Structure formats: C-alpha cells, structure tokens
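Input: one structure, supplied below.
The chains carry the letters A, B, C and D, assigned in the order they are written, with residues numbered from 1 in each.
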Amino acid sequence: MTLVDVGLALVAGGALAGALVIALIPRHVRPLISGLVTAGVGVGGVLAGVGGLSGAAWTRVAPGLLPLGEARLSVDALSGVFLLLVGAVAIAAGIYGIGYTADAPHHENPAGSRTTQATVPLFVASMLFVPAAASVTTLLVVWELMALTSLVLVLTEHRLRPSVRDAGLWYGGMTHAGLVAIMTGLVVFAADAGGETFEALRAGAADLSPAMRSTVFVLVLIGFGAKAGLVPLHVWLPRAHPEAPSHVSALMSAAMVALGIYGLIRVGFDLLGGGPRWWGLLVLTIGAVSALFGVLQASVATDLKRLLAYSTTENVGLMAIGIGAAGVFAADGNRALAGVLMAAALLHALNHAAFKTVLFLGAGSVLRATGLRDLDALGGLVRRMPLTTALFGIGALGAAALPPGNGFVSEWVLLQGLIHSVSEGVAASPVVAVSIPVAVGVVALTAGLGVATFVKAFGVGFLAQPRSTAAATAIESPMPMRVGMGVAAASCAVLAVAPALVGGSLDRVLNVLPEVRDTAPLADSAVTLRLAGIQGSMSPLLITVGLVLSAVLVAVVVRRLAGSAPRRVVGVWANGGPERNSRQELTATSFAEPLTRVFDDVLRPEHDIDVTPYAESAYLIESVTFRQRVPDRLEAAMYPPLLATVESWGRWSRRLANGRVHRYLAYGFIGLLVALIVVAVTS
Amino acid sequence: MSAQETVFAVAAAGIQVAVVVMGAPYLTGLMRQVRARMEGRAGAGVGQPVRDLRKLFHKEATRPEGTSVVFVAAPLVMLASAVFLAAVIPFVTTVAAVGGVSDLFAVVAVLLLGTVALALAGLDTGTAFGGIGASREVTIVALVEPTILLAIFALSVRVGSSDLADIVAGTLASPAHVLSPASLLAAVAFAVVIIAEAGRLPVDNPSTHLELTMVHEAMVLEYSGRDLAMVELAASMRLALLLGLGVNLFAPWGVATTLAPLALLLGIVMLIVKVALVGVALAVLEVFMAKLRLFRVPELLAGSLLFALLAVAASYFLA
Amino acid sequence: MMTGTVMGMLVSRGVLPDGVLHDGGLAATVVLLVPVVVPALAAGLAAVLGWRRWVAWSAVAASAVVLVAGVVAASATVEGSVLAVGGWLRADALTAVMLLVIGGVSVIATWASVGYIDGELKTQTTTARGARRYAILVPLFISTMAGTVLAANLGVMWAGIEATTIVTAFLVGHHGGRRAVEATWKYVIICSVGIALAYLGTVLVYYASQHSGGAAGGEGTLDWSELVAHADRLDPGVMRIAVVLLVLGFGTKVGLVPLHSWLPDAHSEAPAPVSALMSGVLLSVAGYALLRYRVIAVSALDPAFVRTLLLVVGIGSVLFAASLMIAQRDYKRLLAYSSMEHMGLVAIGMAVGTPLAIAALLLHVLGHGLAKAVLFCASGQILELTGTTRMAGVRGLLVRRPLLAAVFALGIAALLGLPPFSLFGSELALARATADAGLAWVVGVTLVLLLVVFVAIARPVAGMLFGPHDDAEHGGAATSRAATSRAARPASSTVPLVLGLVVLVVIGVATPLDGLLVSAAAIVGTR
Amino acid sequence: MSAAVSTQLLDVISGAILLTAVLTLWRRDLAAIIRLLAIQGVLIAGLALLLGINEHNTELYLAALGVLILKAIVLPTILRRVLADSGEVRETAPLVNVTSSLLAAAGLTLLAYVLSGPLVALAPSAATRALPVGIAVVLLGFFMLVTRRRALSQVIGFLLLDNGITTTAFLATSGVPLVVELGVSLDVLLVVLVLQIVAARMRMAFGSTDLDGLSGLRD
C-alpha cells in the first residue's frame, strides 16, 4: 500500500463517487461539493505524483476491466511530475470553482448545471490516469475519456453563444484527428514490438526498423502535438479555451496541454528511447514556429482569454524547443546538454502550469465580475478588484519571463542549454550551427513580445481608467475564487525563488529517459541554480532578495532626502482638453498598434473604418468607428481549403445514391462480373 | 571565500553603487555639455543634472487622480533595479560576494524590469500620452530583446559562460578575442542596443516633448517632485550602466580580478575614464544624427539583430 | 448483458451442471427451440388478438426469453462445448453471442414499439390493421433471425435469411405511401437478388462437397460442422467462385458494397423500432453467415484470396458510407449509412480473421446493435417531436427535451467510438488485430475514413442538440404542425434506451463477455 | 433409355433453357415473356425428371413435380394476373435497346462458359458440361433486372435468375437436399407474392409501375 496506491485510489474513487453524488444533490450545494471533490481528486493526484517522484517503480493491473485488453497502470518519476502538475492545477481550479460556478443573484450560472459540475472531477480524474497508464489500450482509453469529458465541459455555455458550438466542433475534430494519429502510431508500434504493454514496447523498440520507428514517432508527434496545441494543429485552442468556463480553461490550458508534452516525451524518448537527429530538429522547428506564431498572435489579441490561449501555444512551443534540442544533442552524444534542455522543458511545463492557472482563473474573475473578455472595454480593475489584480500581476510577471517571476527561471535554463551548444575550439556541426542560433533568436524574440503581451494584458486590462460601465462597476470575487488563485500564485512564487526544490525530482525524471539518464543537471543546485556539466549558475532567490534590499535602501535614502510628505492628488494634463475621459485612453488595439504595424506582413490584420458625417455636410464628421480583426493566417491558409475539398467530395458522392433502383442493381451486376472475371483470370 | 574577503567584496559592490549613483548625473551633464558646445551653445554646465535632482527632491510630489499604487511604485522599482545592477555588474572587480547574480541574462532581464515598471506607470495614468509612450517603449523593448540575447550568446560562446564575471575575466585573460569577428559584430549590435535601451538618438530624443516623437518623456509626463527625481536619476543611471556594461564587455582593461585596494582604485578610475570617453563619443555622434521616425526604428533594430546573428554564426564557424 | 456474471452465478451455483445440456438432452432441446418458438407464439397471439398492450408486452417477454436462452446457451458453450438437436439445430459459443445480440436488441426494440405504436394509433398515423400486422411480423422477424443463427445446416441458414427479407418487407412498408412503397420495392428486389446469388454459392459449395470424397463420400452435405471438418478437401476452383458469390450475396444483407443501396432507403422508411432491429441485428445475422462460411473458405482456399475479397468489400463499404455521410441532410439516413460503415469494419475484421479480430468484431456487433437500437428509437421520438427527419429542421434539442437529447447524444458518442462505450474497445482491439496481421496501411486508411465520419456526424448533430431553441430558427410547416399536434411522450419511453446505454458502458468498461467472445473466436478464428 | 440418348436430351433441354432465356431479352411483349418463362419452367422440370431417371432417384421426381407446379403453373399465373391488373402498356421498356441487349447476352453467355471451366473440371459428365447454361441464365436474369424498366419485368428477371440457379443446382448436384429445395421454392414464391402486392401498391401510389418513378429516396 504505497503513496501511489492511496493517491490513485483517491482519484478514481473520489471522482466516481463524487460525480454520482453531485448528480443527485440540489443545485445550490453543487458548487461547494463539486469544488471540494475536484480539489480532493487533485490532492490524490499530488499524492500519487509525490509517490512517483520518490522514484520507486509502481505497477498494477486492474482485473476485469477493459474488454479484450487489460487495465495496466504504472507510475514512475516521469508520470509523477505530470501527476503532480495536474493534481496541483486541479486543487486550485477546484477551490476556485466553488465560487465561480455559484449562481449569481439574478441569473443562473450555466457552469452550475448538473452535467458540468459532475463532469469536472471526472475530467480531472481521466487526466490524472493518462500519465499512469502503462499499456496502449489503457492509455488510449483514458486519453479519449479525457477528450470526451473536456468536450462536454467546453460545450457548457452552448445556449448563450453559437460560437461555443463551433468551438466544441473544432475541438472535437482536432482531438479526434490527434487520436487517429496516436492510435495508428501506437497500434503499429505494438504490433511490431509484439506486445502492447509499455514494457513490451520498450523491449521491442530496439528491433523496429528505422523507417518504422520514424513513422511511429511522426504519428505520435502529430497526435500529441494536436493536444499540446503545437502549430499548425493549434486551431482549437483559441476557440475552446475562451468559450469554456474559466476554471475548465485553466485545467485544459495548464494541465491537459502539458499531457500532450508528456505523451511526446513518454513515447519518443522513453518507449522509443530517442532517435536520429532529425527527430529533434523536427520538434525543434515546430516548437520554434509555434512559439513565435503564438506570441505574435497573443501580442495583438484583444480578447483576454484568446490572448492567454495563444500564449499557451507559445509556451508549449518553448517546451518543444527544449525537447527538440535535447533530442538533437542526445543524437550528437552531448548527453549533459541534452539533460539540461530536457530539464528546462519539464521545468517550463511546471512553471507554465502555475502561471497559466493564475492567469486563466484571473481572467475568469474578470469575466464573472464584468461579463467582459474584451480588453478594449476593460480597465481600472485595480481599484475595484485589488487582490485579483495583484494575483494576476504575479501570473503575468511569470508569463512575461521577467525576474523575479517563475517563467524567467525555466527560460534561463533553456537559454543556458542552447548557448552552451558550442565550446571554444570545437567546430559544431553545420546543422547545430544553423538551428541553435535561430532557436535562441526565437526564444529571445518570444521573450520580448511576451513582455509586450503581458504589459498590455495587465496594463490595459487592470490599470488606468475603466473603459465601460461594466468594468467601472466590477466587484471583487468571492473568497473561494481568491483562495484558488492564491494557491496557484503561491506556487508561482515558490517556483520563482526556489526552483531547486524540484531539481532533485526532475533529475529522477530524466533517469527514466535512456538518452539523458544520470545527467542530473540540477543535482548541485540549492539557493543557486547550478547546471551540472556546463558552466552556468543563477540564483533567483538572491536576485529577488537583492532587488528587495535595494528597493528598501532606495526608499530609505529618498525619504531622508525628500521626506515623506503625502503626494497631492491633482488632475492629469488632458492634452489641454477640459477633462480626461476614458475615451482618450489607449485601448489594447491601439497599444498593440506599433507591433501590428511592424509585423504587418505576417499578421495581415483586417481593418474596417466607417465614417458617418453629419447630415448637413459631408465634411463634418459625426463619428468614426474603427474595427480591426487579426485572423489566424496559418489556419486560414490550411483548413478552409481542406474542408472545402471534403465538402465537394461529399456533394459529388450524392450522385452515387440517386434513387434509381436500376443503377443500384447495376452496381451489383458490375461488381459481380468484375469479381468473377478476376477469379477466372487469376485461377 | 573567507569572511574578510566577503566583507571586501560587499564593500566593492558598495563602491560600485556609490560611483554609479554619484557619477551618472554628471555623465548626463557631460554629454549635454558636449552637445551644447558642439552646437555652439554655452550649455548649462556638467553639474546641471545634479542641481536639477536636488531641486526636484525638495519639490512637492503630486499624483494624478485615479492612478493606482503602480504609479507610485514604478520610480522605486526602476531606481531599485538600477541600484541592484550597479552592485552586481563587475565594473570595478570581477570578484563578487555572492555568485549567481551577475548572469548576463539576469542583468538584462532586471534592466527590462525597470522599463516595464515605467511602461505600466505610463498606462496607469490613463492619459493618451502615457499610453503612447508605454506602447512605443514596449515595442522597442520587444525588438531590442532578441538582439541583446543574441549578442550575449555570441560573447558567452567564447568563454563558455554567460556570467559577466566570467566573460570579463575571460577577455582579460585573452585580449585577442576582442578582435575576433564575432565580438566585433557583437559590439556593433550591442552599441545599437545601448542606444535604444537608453533612449538616445536616433531611437528616442531625450530632450524633446514633441508628441510625435517622444517615448520616455511621454511616460514620465505626470511625475513631479521626488518621483520625477527618482525617474530621472534612474534614467541616467541606466545610461551609465549600459555604457559601463558595454566597455567592460569589450574593453575590460583595468577591471580588478582581485580585491586588492590598489587594484580596486585603478578599476574605479579606469571605469570613470572609459565611460566618460564613450559618453562623449556618443554625444558627439548624436549631434550629427536626426531622430528616426518611430516606424523606421524597427529597421535599425532589425539591422542590429542581423549583426548579432552574424556574430553568433561567426562564433560557431570561426571558433 | 451481465452475461458473464450471470453465467458465473449459474455455473458456480451448480444450477447448470455440465451434462444437463448434453447433446440432444431435453434441456438442450428446450434451449435451442425456445428462441425460435416463443417469438413465433407471440406472433400467433397477435394474429389472433390484434394489437393489445399486453400482447405487445408479450413480444417484449418473448425477446427477453430469447435473451435468457442466449445467456443459458452462453453458460453452456463458454467452455467450447456444443449443443445440438438432430441434424438441424446447433449452438456453440458463436451462436450464443448472436443470440445475446438478437435478444438484447429485440428487448429494447419491442419495448420501444409499445409506446411507438400507441403513439401512432393516437395520431392516426397507422390503422388497427397496420398495428396488428406490425404486432405479428416483429416477433416473427425475431424468430426467423433466431432460427438462422441456430441452424446447423447452411442451406437452412440461407432459407432463414431469405425469410427475414420476406417478413420485414411489410414492416419496411408499414407507413404506406410513395416513399414506403419505393423503399420496400428496392429492399425486396435488391435483397432477393443478393440472396439468390448466395444461394448459387451455397449450391456450388454443396457441389464441391459432393466431390470432396470426405466422410460424406459421394453424398454432398451442407452441414456446417461436417463441411468445416473436410474443408481442406473442397475443390479450390469451385470454391473460389462460390466464395465470391457468397460474399456478394450475403454481403447484400450485411449492407456491404456493391449491393448495399437498399439499406439507407429501408432504414429511413421503416418504423424506428424496426430500423433498430434491422440495423442492429439483421445485418449482423447476415454477417454471422459470412463468418460461418469464412472458416470453410480459408481452409479450402488460399487465405490471401479470402482476405483480399473481404478487405475490398469492407474498405469499400466504409469509404462509400463515409462519402455519403459528408453531405447528408437526413438523420435517419445518416444513421443508416453509419450502420453500413460499421458493417464495413466488421468485414475488415473478418478479413483479418485472427481470434482477436473475431472477438473484437463480435463485441463490435453487440455494441453497434445496442447503440443503433438506442439511436433509431430515439430518432423515432425526435421525428415524432419535430415532424421532420431533416437535420436542419431540428434545433436546440437539449433545451426542448433534455432527457431525450442526452440519450441521443450519448448514443452518438457511443457510435463514434468514444469510451466508456464498448465500441471504443472493439474498434481499438480491431485496430490492434489488423496491425498484428501486418495490415498497418488498412489501420491508417480506415482510421482516416473514420475521422471523416466523425466530423460528418458530429457537425450536424451538434446543430441538432446545442444552441437555444426558438421556433423561428426552424420554421416550416412540418415542425409547426409537429409543435401543435404531437403529444409529449412520457419519460418512461426512454427507459429501454437508458438501459441500452448502461449495458453499453458496462460491456465497454468491464470484461464479463471476454470468456465467451474468446471461445467464440476460437471457433471461427484462424491464424 | 441409353446414355447417349439421355445425354442428347440433356443437351437439347439445356440448350432450350438458354434459348428461352435469350428470347425473354428479345421479346418486348410481356405476355409473351411470361409464356417463355412458363416454358422454361417446364423445361427445368423436364431436366429434373431426366436426371431422376438417369439416377433412379425418387427425390428428383418429387423435385421435378414441385418445379413444374411452381415454375410452370403458379408463378406464371401470378404474373399474368399482375399483368392483367395493370391496365397499362403490355410492353417492356428497356433502358438498353434490344439489339445491344442481345449482344450483351451473347457476351454474358461466353463469360458464363469461361467461368464454368473449373466447375466442369471438378467432375466432368454430361450434366456438368451443361453447367454454363445455368450460369448464363443467371447472368441474363441479372442483366434483365438491371435494364428493364417495368416492375413486372424486374420480377421476371428475378425469376429468370432463380431458374438459372435451379438449373445449375440440378445439373451440378442433381438437386440440393429436398428440405432446402422446398425452402428455396417457398421463399421464391413468397418473394413473388410480396412483389406482386408491392407492385399493386406502387400502381396505387404512383399510377404506374414504371420504376423511373422510384427515385424519391435519394441523397
């Protein structure tokens, strides 16, 4: 009876029993129970995760489950870290949900419906079993359960907006496309390896032909990439994340997306045990494109949750860069570096989960308080909802990869790994020499645009003056929501100042992967983050302390010099105008205008300006309205043509069933003749 | 590292802070004076910025209605980040009291932190100017960032570390490297970066209040009294820091590698001299330069990015 | 179907000591005769008394009896033993599985029929005569199918399948009117032709067996077990032609290309419960015939020949179904084409033919039967509610009828092969088996086609289920009339459907059937 | 009778069966076609009788009797009634004109001979050598089903197909077991009855039995 047993038992039992109870209890108690159950399931996940990270291998076969297959579970360090991640997110989201799904005084909250409330814990549970699955059948079953439950949750508000239905369709379609790829890949893998348990796959992987190995890898890359939101399979994220209830968005964007990364690492680096260098390059390239494209879209987005969704694509892209580079260097035999990069990817997964949870929950609070997702209409929330603003700020700091935020730490490790790809006197291979600098450039550009993005999100969304009455009359969220965000923000802070806490665990995770086994890049990290094998050290804690100390010092000195007379509150200088009004403020659109202009060729925004003059004269303008849309160019380039092709195929096929019985019989007659002739000829 | 050494190291850091805080305004003054003279004006004298600061510190601070804590905190954060950097960057000596704080990525990021704080403050005022300034500043930062990181990459390649102390020490150990194509290209890129970050011509004109052009000034428009003083001090410190960083990265001669008092003294002198020289040079250049249109700036930065990329490539192939 | 558990109990409690069911024993006779006789009795009852509620319930009872018989047969044959009575009736594990399918689906369909016909009588959609004919034919239909799977002689099996065509002809035409007549004509003519071809095939098999010089000597035989015993001695030249004819012929009733075109018309015109029975059972009963012949074929011929033939019709059917689902506008036809698609999968499973593949396809047949029963009955209620089978005419169902819509949605989820429903398990196992047989490309192609199907079904169905419900959105005489005339069906009418879904989940998550499936697969599966 | 005679008789009868089949494609007058069908029924019965005599097999006598009643009397009668009920034109309306139909018939017959190779090879004998006839009739029947427009002519096509199968059955196996044979005949009879009723309904619903009307169910 290990910790893992306890944890997973809690997860399964809690989710099933909880869902049953939630389905039966009356509406007004549902939020509390559902939230507690979800959080409880999350706790189970954390326990199991800790158990897994402690390193002891754990395997169970649940008897009598899954027809024509077996339910095989196994937890190692790699599973552990993702169990921990998902569980932690679930705890925050669960607590938050208690407040978020409660009915508002006047209208009832769709997220409080029986279905939604009962599905949330099931969704979390199915996510938690993904890293624990240890056979192809088991993995695919829980993977699909995860997809189904999340789909149900995305559709929660289908009555309110037609866009929800589309989001659901896109999500369903993309996730099923992903499943097709994964299923094909793993099934073929299992067939060639001669067994469907992960042990069998590990054992058999070596005997696969290179072509087969690569086929499997590419297929699972496509499949898991679709779930992770990597370009060009990202199209569902900016639709599904905004439409889903915010605590679900957090679960999907912070936890579920990370499971795509898990799948990639598990199959590509554990079961297949790594491969040729071009695998790494492929992942690296996709990651780079995703990171750039994601952050570009985010930097010009005005819908807060859409912005966060694109930022997810960006961060997953960064993880992919880490994984890909690790693959490249492992293939080149530079294990130490591969270890650092893989650790960077994993660390970034954790950090991203932490700050993205805060951000999505924060966006949810804003949405609940104002009913708005549009940054152009928000503003001035810092006075109405100070705590939410503060917590969102912590998340934004992390997402902008600025010290002392947590995102900075993992990006630093990533950069360290990349810049050490060449050493004095040793000429690097051309491929590396070309790809790595580009990768660094991408990471750098991503960092810069990331800063711009979150300055916009925080500055325009929460500071300055309200741009709409809804924003002006917002009210601070109830206690549970603040607690939920607080939990997530706290984890951000911990990861930011003491990343070394997870260092040992990450090293154990790397030991699961043959290519980076025993590299232990973070082994001798404590207060200072020291990367084993390469010369690189940085101490987030000391930097934070240093900044605080110098702030105190400055404050003291200034007080000495200038005293501390209270500042006189004065009206701002409104460009000579009579009174400042919020219409003079910059909106998110205008804030991003210079960037939009700079990247015009990539984004190709669509403007429409309509000028309505007064009736008297065409020269006296009454009002000018300016609208800007920045459509997803990659999507526009790929999907409409594809869908159109299928459509025309379908329309053409109608002729095959034109209702004429003679034609139907003719099918048979011709079929028969052909078959008989073939027989006659081949005999 | 023994306790005594630690004390010395801390002291050294203190000295650096003192030098930068004291010297920065004079540097600004010096540059203005040089420009004035070359433009045929008398100029206000090298000490003018210091006098301005003293005056501002004793003026009443105001705060626009409806601004939040962010507006008040921004100058503090900005100045604090500058002070912190003054302490950790190896200007005078490469020996640091604590490791892991002088990593170049971290340094740049902390610098960025100050910029972001000011940009948020600009937005917080809710005026058109504040917003425009913030928007432009952030755009520039977003484009400068990659250049910096790539330049760092190019520099760190030759010593296999991105820790400033290591880089400086490495350059001191083998000066020939400075003339390697990689570091020359990186130097050019870095120069552009410094100009952009410090808000100098042709990217931004520190002495304009013209709506169309101003970036930095637009953000600080609502500040007054001690807050304005802090912002201005921080601004000139950032300039000093960047110049200091630049010279020490490419011409670190004189920087002490020990804690010997004499060495430290030499380091201080050398630092002041080098920074002053570079500052004068920059000022001279600015005289002959016009401010770029904001939307031509990206081209400039793209150029510097290219240099940085070439630098990196060079460091790979010509290593 | 808690078959496994029930079986377990029966055997463990010693209720069914081995030997009670020994060949020709009374118990065996009963078990084998009951599924055929009891529904026939119910039919007779209806013939005498016409449509009465309790008569309708007797049909449900009869179906339940078939189900129980299936359970008992399963418990008796799970270890691989065989029940036989005379030379004509025979039951092994495979038969037991099919009995379970027939019984299970029939229970749902007949149960739903009670409310269905009542509703039709209420709204004068049908007459007393129509109701009586319905009440007679449905149990008769069930009985013929039971007879087919219990037949020991391939000739008799053939006759049984042909009989189902005749019995269902008037069920398809139940509603009268142009469309019904048209559907009936196409159904009868195409199926009869197909079945005729199958008969020619049967004749040729008999011919070959006459000259196989087996134990039967000059005497030909159509007894399945004898044929299997001497399959390797059957003349390949003749068998090749015979197999082609059998696959195309029985394939017609299974709904496989090229003679599949009757299927969408018949399914969309027949009364909902009948569609459920046809789609859920009839197709798979014909498939059962193919399974029986397959064993003979693979040992008489080069297995590659049989595999290729089945792969062509299988993939062809999936492709054809997918193509016609993309632009589909009618939800009953959509369901019909989805049956075709699933039968295509079954055919692919037969092509693979390994024990795992067979077990998977049997589970798939069971799952598909239940899911389709649920869906067709639900769609019948939707039709009653909205008065249109156009998907564009149905909007905001989740708001109008949450329970019904939920059942429909879950049924669709099951059909699309999502867990926890059993079709996911069977499709996955099928994919594994196919890959193990070295047919990776088949897995790829099929799964891509299934993706197309997924989108083709999900998109319109989402339109039906989600969104607000306002009549403006689906104006049109049909629906407005529907709004006025149609009386809401009681929630009780969804009980059988919910039951079906529960069973789907149970057999999808737990493994009560594995034992039975494996021994059934051992009978007709080949390496 | 002597083997030679019976062989020649067999060939004559099977030849006649094929001939009647081809003629059904040639003639347009439905009444005539039904007559041909009846004749073919008689011929098949004769075939069964002949085989019975050769093999002294009483089962075959019964079979012959059954065939005679069903195919020569009952079914033609039903068809005639259907034809009488339909007060409409008594001509088939072929989708493919008669000439090309006959050409196709020739082709199909040839194909039948090619296909029957293995069948004959299995057990060469006077009877099995005639097997191609049966197959040919099957194909011709199917061809008729595909190319004739009237409901009635499709029924006829189906019966032709069935006759072909019966012929094949007798020639190849001198009759499948009687039970099966009975079952088959019963089924055929029922199918025809069903089709008759449906055709009647069709006339009520569509006013004609022209199958071109049947294209309401489509995608």
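A few remarks follow.
By our rule, a residue touches a chain if its C-beta (ideal position, glycine included) is under 8 Å from a C-beta of that chain, and two chains touch if they have at least 3 such contacts.
What you see is a predicted model, and the numbers here were worked out from it, not measured in a lab.
Ranked by how close its C-alpha mean sits to the mean of all protein C-alpha atoms, the top chain is A. In this assembly, D is the chain whose CA centroid lies farthest from the centroid of subunit B. Work out the mean CA point of subunit A and of subunit C, and you get 43 Å between them. Between subunit B and subunit C, the centres computed from C-alpha atoms are 78 Å apart.
Centroids built from CA atoms put subunit B at 35 Å from subunit A. We define each chain's centre as the mean of its Cα atoms; on that basis subunit A and subunit D are separated by 69 Å.
In subunit B, no residue touches at least two other chains. Multi-chain contact residues, meaning those touching two or more other chains, occur in subunit A at positions 653-654, 656-657, 659, 661, 665, 668, 672, 676, 679, 683.
Across the assembly, subunit D contributes residues 115, 117-118, 142, 145, 154, 211, 214, 216-217, 219 that each touch 2 or more other chains. Listed by chain label, the pairs that touch are A-B, A-C, A-D, C-D. Against subunit B, in their complex, subunit A makes its touches with residues 299, 379-380, 382-383, 400-403, 408, 412, 415-416, 418-420, 422-428, 432-434, 437, 440-441, 443-445, 447-449, 451-452, 455-456, 458-460, 463-465, 527-530, 534-539, 542-543, 546-547, 549-551, 553-555, 558, 561-562, 565, 567-575, 580, 582, 584-586, 590-595, 597-598.
Remark: subunit A residues 653-654, 656-662, 665-666, 668-669, 672-673, 676-677, 679-680, 683 touch subunit D in the complex.
Those residues of subunit B that touch subunit A in the complex are listed here as 57-58, 60-66, 68-70, 72, 76-77, 79-81, 83-84, 87-88, 98-101, 103, 105-106, 109-110, 112-113, 116, 119-120, 123-129, 131-132, 134-136, 138-139, 141-150, 152-153, 156-163, 166, 221-222, 225-227, 229-230, 294-295, 298, 305, 309, 312-313, 315-317, 319. Across the complex, subunit C is touched by residues 64-69, 136-137, 140-141, 144-145, 147-148, 155, 158-159, 162, 164-165, 168-169, 172-173, 176-177, 180, 183-184, 187-188, 190-191, 196, 646-647, 649-651, 653-654, 656-657, 659, 661, 663-665, 667-668, 670-672, 675-676, 679, 683 of subunit A.
Of all residues in subunit C, only 182, 185-186, 189-190, 193-194, 197, 237, 240-241, 244-245, 248, 252, 257-259, 261-262, 264-265, 309, 320, 323-328, 356, 359-360, 363, 396, 398-399, 413, 418-420, 422, 424-426, 428-429, 431-432, 434-436, 438, 440, 443-444, 447-448, 450-452, 454-456, 458-459, 462-463, 466-468, 507-511, 513-514, 517 touch subunit A in the complex they form.
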